[in-house]
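Below are two complexes that have subunit A in common, paired first with subunit B and then with subunit C.
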Partner chain A sequence: MHRVFRNKTAIFLFVAPGMLLFALTFLVPIIVSGYYSFTDTLAPGTKVTMVGFDNYTNLLFHDERFWLALRNALLLGIGFIVIQHPICIFFAILLDRLGGKAEKIFRTIFFIPCVISVVVISKMWLSLLDPTFGMLNKLLDLVGLDSLKHAWLGESSTALGSMLFILIWAGFGWGLLFYYAGVKGISEDLYEAAQLDGASGFRMHLKITVPLLKPVIAVQLTLAIITALKQMETVFLTTNGGPGDSTQFLAVYLYNKAFSASQYGYANAISVLFVIVCLLATYLSNRLTRNDATDF
Partner chain B sequence: MIARKKTAIWIFFLIVAAGQLFPLIWLVDFSFNSSADFYSNSILKWPSSPQWHNYVNAWVDGKFLKYLGNSLLVSVVTIALTVVLSLTLSYAFIRMQWKLRSLFYTILLLGIMIPIHATLLPNFAIFKALGLTDSYFGLILPYTAVSVPLGTFMLSGFLRSIPKELEESALMDGCSIYRIVFQIIAPLLKPALVTVIVTTFLNCWNEFIMASTFLSKDALKTLPFSVMNFAGQYSSDYGSQFAVMVLTSIPAIIIYAVFNEQITKGVTAGAVKG
Partner chain C sequence: MKRYSKLARASILTLAIASVGSLAACGSDNGSSTSDNNSGSGDSKVTLRFFSNLPDRKSGQGLAEQTVIDNYVKANPNVKIDVETLAEEPFKNKLKAYMSSNEPLDITMVHGGAELNTLVQAGYVTELDPKQYEGEQYNFLPGVYKSFTFNDKLYGLPRNSDYEVIYYNKKLFADNGVKVPTTLGELLDAAKAFRDKGIAPMSINGKDLWSFGEMYQNLVLRYSGNQNLILDAIDKKTKFADDESFLKAAQFLGQVRDAKMFQDSFMTADYGASQNMFTQGKAAMWYMGSWEAGMATNEALPEEFRQNLGVVKFPVAEDGKGTLDDLLAWNGGGYAMVSSSKHPEEAKKFFDYLMSANQWAKTAWDTGAAVPAQKYDLTGSESEVQKTLTDILVNAASTSGASAIDYGTPKFKDDIQNALGKFFSSKQSPEDLLSALQTAVDNQ
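Presenting the complex of A and B:
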């Protein structure tokens, strides 16, 4: 190994700016958050009184919303894993089989929702699911299923499901792209060999493609859970956690606590627990899907 | 047999694509209609006279050009910073020999998992104290900090797959480490760099919650705020609201149309290397 690769000055110049920026806007804030979480501050810059672990005990033992938000994230994560990801894998395999120009065209089309901003997506779906002029209810009218009409985002029984649907619509392209990349990495020879052995179609993919995609799946499942936990903007811009907390998520909750309810100290305690939950979820998910290829 | 199967997939995809794009088609369609038309029974409606003034409203009152300029400025600076920082970081992590590198690498990658929403509250207090709220840097710094961990992860994966011989022979020729990184390695990483650029672009172009927390000055606001402002100002004029949504989506769609091949290439290359 050449001594240049141990050049201390170069290493410092390469690492310091990035790490410093990351530390100052990511790690230091979390420590600051930790400090505020032990206070009952109303807003940044106002009087600070230390209250010890009060915020945490309230959150963990007396705050149903906190647990409801976690439950919603869990349900959403399960929704992603059970519905979105199998669909993505299925489409990735079909797309790979298609070949030629059509493969490229459909790959391009399926990704389009991913470049639309979250504000537009939220406002658009708010209109699409609107009880009076929304497209979905009109569509149900048209096919004579008007008994199924709902105020989709306005009823607590359908709100979380509608949210899942919107998020799958918006995120389908990314999932597809990653699985597609995984499928592309599988050697064509394997399929030929399998076909010689008489395997074909659905069974062949279940026996060959899916197991070979395991490293990709492992990473994607971890990301699915994190995505579910991190859910914020779409919820904030459509239901803002309602109706009746049915779409409450940690990030929405802490935001409203800090900026609408003026409980900045309490909100920071949610923030700290939020980070811990995300790291714990990552760790657990990595342990469950343990694989050499997952170096997250 | 195979041809028939392909046709079947083709037809199936066509139906799914139509369903997937239908909300967007609906959005464009009704952006040309007047508010009264929203309450008709038809799913799609050919406007009796296209309401171009919806788009005039969107352009003028949505302050399209001003916000577009802000979005461009913030995105370009963020992308430039992200590319340079991720490139040097990944090179130091993958090629250089130093004691704390795996620790630092792990810490940085935690940034992918830590939700930015948990940094919103403390950063709001810190930025306010430092006078960074209501400034371009108040957006550029956190956007870059969010993009660097992912960028470094993508570049590192790609860098591992590049053989070292080229760098070693460059060293023999007396090339400095800085020239190696920026003139030899950077061009080799092009597919991965394009992916980093595009994902960073999409992330900060469409970012909303940090911007809405850290900015209150109208002069600095980014494109998503065109839509947000409209929801209040034109709350009952749905046609104009839809027009502003369509209008603000166009730049990202154009960029995507230009770079779409590179996105796939970059992701594919990264994933195969695992």
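Presenting the complex of A and C:
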């Protein structure tokens, strides 16, 4: 066995299929994308004219919609981190303390949004938030708050907020699952010891649970930012970036540029920047959370 | 070789077997497609792939299309036609994806103008010989190839005469004592009257954005009385600031916005949602095209709605030069043959059959699904909606021949639609809208 792994040819042969797959499905598309980003082609198969860095200069200096889409994606990432994840951690702890049958039942209930298809979620929220027939507006009517009624997804002022709410809601189950697994891994002894020392409630969790969840939090932060940047399906199915670009997100913008506006070269330039932004965000979030794992 | 251990040898062997296996798989793939190619002349089946934007195969245009396909398959038992359908917007996107991968479809629905232009540039659709489609068998109306012709070459055939009208619910108008509008002023009055009663005055598919473009073109036509004005602006022969009709039209759109003429959810409503709103009697009017004639005979819709369905021409502007009979008409939808087809000869046979005047045109008209782009005979059993639509087309004093949003590049279409979407979802001034439209023209 040892001889096999010392043999360079054998190592190469073992690694080659994986590397080949990686190259063909990951590296080659990025390189081809990079090539197209320097052209003004309408679609693959049409005339290709090299335009140098034109696409990039237009994108970076003349395209407000791109920056808006990027801003919205980052806002969503911040929304995930600041709103979704604290709630996830809170509920993970609650679930853990609940115990017994109720724990299992609520665990299932909280995870339901994650097993529903994105299409169903999108259509469901479109109906719930419909200004005329939607449940939310009907409820507001019922309690006499009709001044608060809105065309939630259809007005520029409320569309982004509603969209963030839907996405945070839809991703809640996943976050909860990770944190719940993390909380379950914390030894009960620690809590007992803390209780003997007189710690209780909120303070105990702040000082024990949260620090011990750090490795989970670090992974989740990175995932949250990448999920936010890649967000596409729900937006595409509900508002398609509208009204008036108010819910424009990077991936939707990229898709529409490539397939609706037939600006394939330009869309590829967006995708290259997209990759760079994702890498940068991952690097930064890794840096920020790269503390040594807390050990007790 | 001697130094290789058992494990290494085993792995090399596995790799070798795997690669032979996958090569063999490719080989058998090729084999089956060759046998497919040969089957055209023999008794074995040929399968044609047909891609359409009409997912509803039980009513309207989808039913008409399916009827022609069924007719053909009955007459040609050796042919099987695989139909793939998607709703309008996903259809457009998937067709581009098919084009990118040169998918061997045989016949596809196409949208004339900007959309088809991209397919032509990619060489994805086959050139047609217009001479072949002259004469009795096809009976195309004059001038209908405009959106399907690029550099004097024809790449598709239109299936309908498309023109924008307002469908309205007679009962809602009568019950609420509202006059059916013939002028833009009356249209705003009607909007206000319905709003006061808590009824959505007009339904529109704002998420798809393109109906805004048709409405703007319609308004420019009503103010200027000149079908070519907006097309000239897109051709850069004139500017949006040069003719006050452009500004007046934009100002009217502003009034529409302020009067809340469209349903509350209009910016998230796609085609189906806007149609449902209207067919369920929740909106008094629906701004849409003649291709929806089939609503009057669609039994899936409530009887009460069908009996109360009416059609009117787009209203005139009180201070405009256009008349009621200047019609925003073009030929948008059609069919084309795909160049990567595996059975070009069989595909051509079916294509010609489909486009024959006694097939698509007759079926579409007889079932009340649409107004064809070919000559058709009145059968006497037409619905009232069909009769009105025929009158509107026959009495048109002028027709535009092109839809403005499809008149430029796909980028222009995207830009102009987004400019209009932005206008309707913000408090932007009409002047700002004009400059956004001008920018869209300049950057195309």
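The working rule: the second predicted complex is superposed on the first by the 270 of 296 C-alpha atoms of A that agree within 3 Å, B and C clash if a C-alpha of one lies under 4 Å from a C-alpha of the other, contacts with A are read in each partner's own complex, and residues count from 1 in each chain.
Definition applied: a residue touches a chain if its C-beta (ideal position, glycine included) is under 8 Å from a C-beta of that chain, and two chains touch if they have at least 3 such contacts.
Since the structure is predicted, the reported quantities are computational estimates derived from the model, not experimental observations.
*Asks:* A:L288 contacts which: subunit B (first), subunit C (second), both, neither?
*Replies:* In the superposition, A:L288 contacts neither subunit B nor subunit C.
*Asks:* Please determine whether it is subunit B or subunit C that touches the greater number of subunit A residues.
*Replies:* After superposing on chain A, more of subunit A is contacted by B.
*Asks:* For A:W169, decide between first (touching subunit B), second (touching subunit C), both and neither.
*Replies:* In the superposition, A:W169 contacts subunit B only.
*Asks:* Looking at A:A10 after the superposition, I want to know if it touches subunit B, subunit C, both of them or none. Which is it: first, second, both, neither?
*Replies:* Touch partners of A:A10: subunit B and subunit C.
*Asks:* Does subunit B (first) or subunit C (second) touch A:P113, or do both, or does neither?
*Replies:* Only subunit B is touched by A:P113; subunit C is not.
*Asks:* Between subunit B (first) and subunit C (second), which, if any, makes contact with A:L254: first, second, both or neither?
*Replies:* first
*Asks:* Go through the superposed model and pick first if A:G154 touches only subunit B, second if only subunit C, both, or neither.
*Replies:* So A:G154 only meets subunit C here.
*Asks:* Is A:F178 touching the first partner subunit B, the second partner subunit C, both, or neither of them?
*Replies:* After superposition on chain A, A:F178 lies in contact with subunit B alone.
*Asks:* Which partner does A:G99 reach: the first (subunit B), the second (subunit C), both, or neither?
*Replies:* Only subunit B; A:G99 stays clear of subunit C.
*Asks:* Between subunit B (first) and subunit C (second), which does A:T132 come into contact with in this model arrangement: first, second, both, or neither?
*Replies:* So A:T132 meets both subunit B and subunit C here.
*Asks:* Starting from the residues of subunit A touching subunit B, keep only those that also touch subunit C in the other complex, and list them.
*Replies:* 1, 4, 7, 10, 13-14, 17, 44-45, 132, 255, 258-259
*Asks:* Quick check: in the complex, which residue numbers of subunit B touch subunit A?
*Replies:* 5-6, 9-10, 12-13, 16-17, 20-21, 23-24, 26-27, 38-39, 41-43, 85-86, 88-89, 91-92, 95-98, 104, 107-115, 117-126, 128-129, 141-142, 144-146, 148-149, 152, 168, 171, 177-178, 181, 202, 205-206, 208-209, 213, 223-224, 227-228, 231, 238, 241-242, 245, 248-249, 252-253, 255-256, 260-261, 263-264, 267-268, 270-272, 274
*Asks:* How about subunit A: which of its residues touch subunit C in the complex?
*Replies:* 1, 3-4, 7, 9-10, 13-14, 17, 42-47, 65, 126, 130-132, 151, 153-156, 238-240, 242-246, 255-263
*Asks:* Can you name the residues of subunit C that touch subunit A in the complex?
*Replies:* 3-5, 7-8, 11-12, 15, 92-93, 96-97, 99-102, 114, 118, 121-124, 200, 206-207, 209, 263-268, 282, 409-411, 413-415, 418, 421-426
*Asks:* Taking the touch rule as given, give the residues of subunit A at its contact with subunit B in the complex, in rising order.
*Replies:* By the definition above, subunit A touches subunit B via 1-2, 4-8, 10-11, 13-15, 17-19, 21-22, 24-30, 32-33, 36, 44-45, 91, 94-95, 97-99, 102, 104, 106-120, 123-125, 127-128, 132-133, 135, 138-139, 141-142, 169, 172, 177-178, 180-182, 184-185, 215-216, 226, 229-230, 232-233, 236-237, 250-251, 254-255, 258-259, 264, 267-268, 271-272, 274-275, 278-279, 282, 293, 296.
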